[in-house]
């Protein structure tokens, strides 16, 4: 019998394959390495042990932290509630149960996609142009993309958890709403609650990034300290942030241990609590007045429009952006499973939890600066900086997944004599590989959008061009760049969906 | 009902109660900025936060005592965000750099320059180079062509002294941004970071504000064996205070003039004045006019930073 | 040397009362008992998945925690829930039985593409799996097919003692007969069953009731009443 033998990596191996890119990145680091920045790294490390305890610094950081938390909690609550609603509306299953057709879901999804394709930072800077410095600008900047992203995840979840009971219930003559309550809600409640919980962590980081770009809060202090290389002050802020994030995480875990559904009422109530808290702070929460004249006035004068598009050599810029995204995506996806495979044990899970936490904590621009202290600037370095930050998120996802599926499968493999590493590869890593890869494709979108915040390493990519255009108030160019980024994001997304599709059918052929 | 369920219900109740209380209290709380006119001041971010907080903490106290109006300092961490905040009326009086000040005035008809520091009238940038680059101090501007093919770091993209003027002088001598290694210059984000990336060797050359360079040298943060000045730019005007129009309507006739004199009157003789001037790195503030910045506007337009 | 599994006064909480037992690797043993009598618990003690609260379990004179990889792979288990690696294909799952004899690189090569297909085809033939299923993902197989993949994996491990937890429960009669025949060809086994009618095909019968070992005898010495009592409600 003829055997067709081809190279066809199995699913559990796919999360590890991007890790191969680390070899390339390592090569670049060795090639471009210079030891000149060791003293700065030492100062940075020393700052961690000896953060500033100046009362003025601490007072300002504490105020900043509260503002960041208020913005994060508010936008998280709003986006969770709206996201669940929109997610339901943009799922095919919902429309099929309600009306027996699918097209409204498809149309709504296509309409929402562009909103999601714009980074919260860019939303922030655009809204700032129209509404000025105002708490709502930051809140909306996070809430808009988060709502739509949440809607996408929820619609996907709804459509992949279609209960076989639904046609039966429909056949039994139940009303559409009753069908949804019995057939849809129970299997969905838990994954959705988990996802909502996870988004709070993301919202805090987004609120921080907005602060880095001028919308107030702890991010502002962190970015000012970073720019003046005041590592002691920087660490005071980072430690404060770390404590806040650990406390939030514990709170969420406690809530979950009481009941996994509890997150829903918490999300609904949180904007009101945050609003009450916000009034006690130095945060402008009066409803802002729009000031369209400047932006619109500039755009009405259409003569510049086409010329603006010619100012950038798009192929080069797009190539740089895609390259950075790819490297960052590979590093972020490949690093956590690789590390787990290098040192597979319970203790390593705990230690990695800390490492990933630290990588998430350190903003990407800071990672970039620290890497620059070791190597010359290059696209790979920019990708690595971004990849390490997002690796923190992926690492957390991997560890949480493994914890929730348990280590039983590793013991099974070990019992039949498999070595420790192999037991983990065929056990827990194989168990979570599908979910992990699905999450990685979502991350790829986020990474693509995040290239906006890494201009420091060589001033390359669309993100950097956008910052340059915004700082020149060159609205036509801003419009073009946002458009192109949105198109790229959507392309990346459909590529991700295809990858997901091929993983779901069978192992991907190379 | 199990203990766990009971706890869940209890928690839900508590959350609902807390939310209700919070929203009621927020409706009741006075919106402090709604009616009373507050003078909002801000600054582009070019200092460390500890210094900014001390500096503007003292300045708000000083101005509010002298002018008898409430003054509030809003920190902004992005140059372009400061310009937008000024245009939309979120900030009334802002300490801008040369370029950002011109951008702000062009976008806000009626805004005017109030004052500058004594050192701002003749401000300079320096080009610094890593020892390993092999670059020696330039004796004349046309040697800037030696920078072609080098890795060069600017500071922030909107910085006058860390980007605009250095780029202008490079252009005057035939060096375009595309001539740099890697297809363009890098942007470290700040003057201090420029020193760090050049000193480490990540970049071979950097351009920054001479005042910041001097203070880095004075603080011992520069290793003279690794990095040194290779060229100083000719002088140009830089930082200045810009004020929004219409303050007289909000705070009373002649308010803008009073504000200007309050700034110009700051002197090292008073305790507050001494702190403020020391943190600004100046002896005193001097009057400045819109016309002083025509050159910056021309350069800004030439380099595409002003549209 | 004939490998030995020795349990000495091994017990586990409420589930299993102290049991002393010696299994030789050339004996075919059947384990009977009603649901909940502790059959699965006993098997898990035997393969080291559970550790006893008190007493000891030794394989070749050493406790499970101290076994070398070589010794661990001498005990093979056919789990009731099969424990296949769901994300992998038939050949990859069958090959995973041999992981105990190979290192990490071999494990990775197995994930990269079909490895050693001829051996696998032979094993598949032995367990009566169609050859065209070779690269099929196991998650797409039927219950009976999955059972046979697990059996193929077990054979590939080449254990000296097989522990099987109700291996026939989900199979049709002819398939059950095949699986049983395959298991009985192995050097030694301990198989838990709900089929008192099959005890004559074994060398030794163990009976569990309420977590206690109440029967340990040769099949021809066991009376029908004893078996009925084993399954009667307490």
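First chain written, first letter: the chains are A, B and C, and each begins at residue 1.
FYI, contacts are C-beta pairs under 8 Å (C-beta built on N, C-alpha and C of every residue); 3 or more make two chains touch, one makes a residue touch a chain.
Since the model is a prediction, treat every value here as computed from it, not as a measurement.
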TODO: Please find which chain has its CA centre nearest to the centre of all protein CA atoms in view.
DONE: A
- [ ] Tell me, please, which chain's centre (mean of its C-alpha atoms) is farthest from the centre of chain B?
- [x] C
Task: Separation of mean Cα positions, chain B and chain A [Å, integer] - done: 30
Task: chain B and chain C: spacing of chain centres that average the CA atoms, whole Å - done: 73
TODO: Using mean C-alpha positions as chain centres, tell me how far chain A is from chain C in Å, no decimals.
DONE: 45
Task: Residues of chain B that touch chain A when the two form their complex - done: 4-5, 7-8, 11-12, 15-16, 18-23, 25-26, 29, 31, 33-34, 45, 47-54, 57, 72, 74-85, 87-91, 103, 107, 130, 151, 157-158, 182-190, 192-193, 196-197, 199-203, 221, 223, 226, 304-307
Task: Footprint of chain B on chain A - complex, ascending - done: 34, 36-37, 39-40, 52, 54, 56-57, 60, 125, 128-134, 211-216, 219-221, 223-230, 233, 255, 258-259, 261-262, 265-266, 268-270, 272-273, 275-280, 282, 284, 286, 291, 294, 298, 304, 311, 316, 365, 369, 372-373, 375-378, 455-460, 464, 467-468, 470-474
- [ ] Under the touch definition given earlier, write down the residues of chain C that touch chain A in their complex.
- [x] 47-49, 69-70, 72-77, 79, 83, 85-89, 92, 96-97, 99-101, 103-104, 107-108, 111-114, 117, 121, 131, 134-135, 137, 157, 159
- [ ] Using the touch definition up top, name the residues of chain A that touch chain C in the complex.
- [x] 1, 3, 5-13, 409, 411-419, 421-422, 425-427, 430-431, 433-434, 506-507
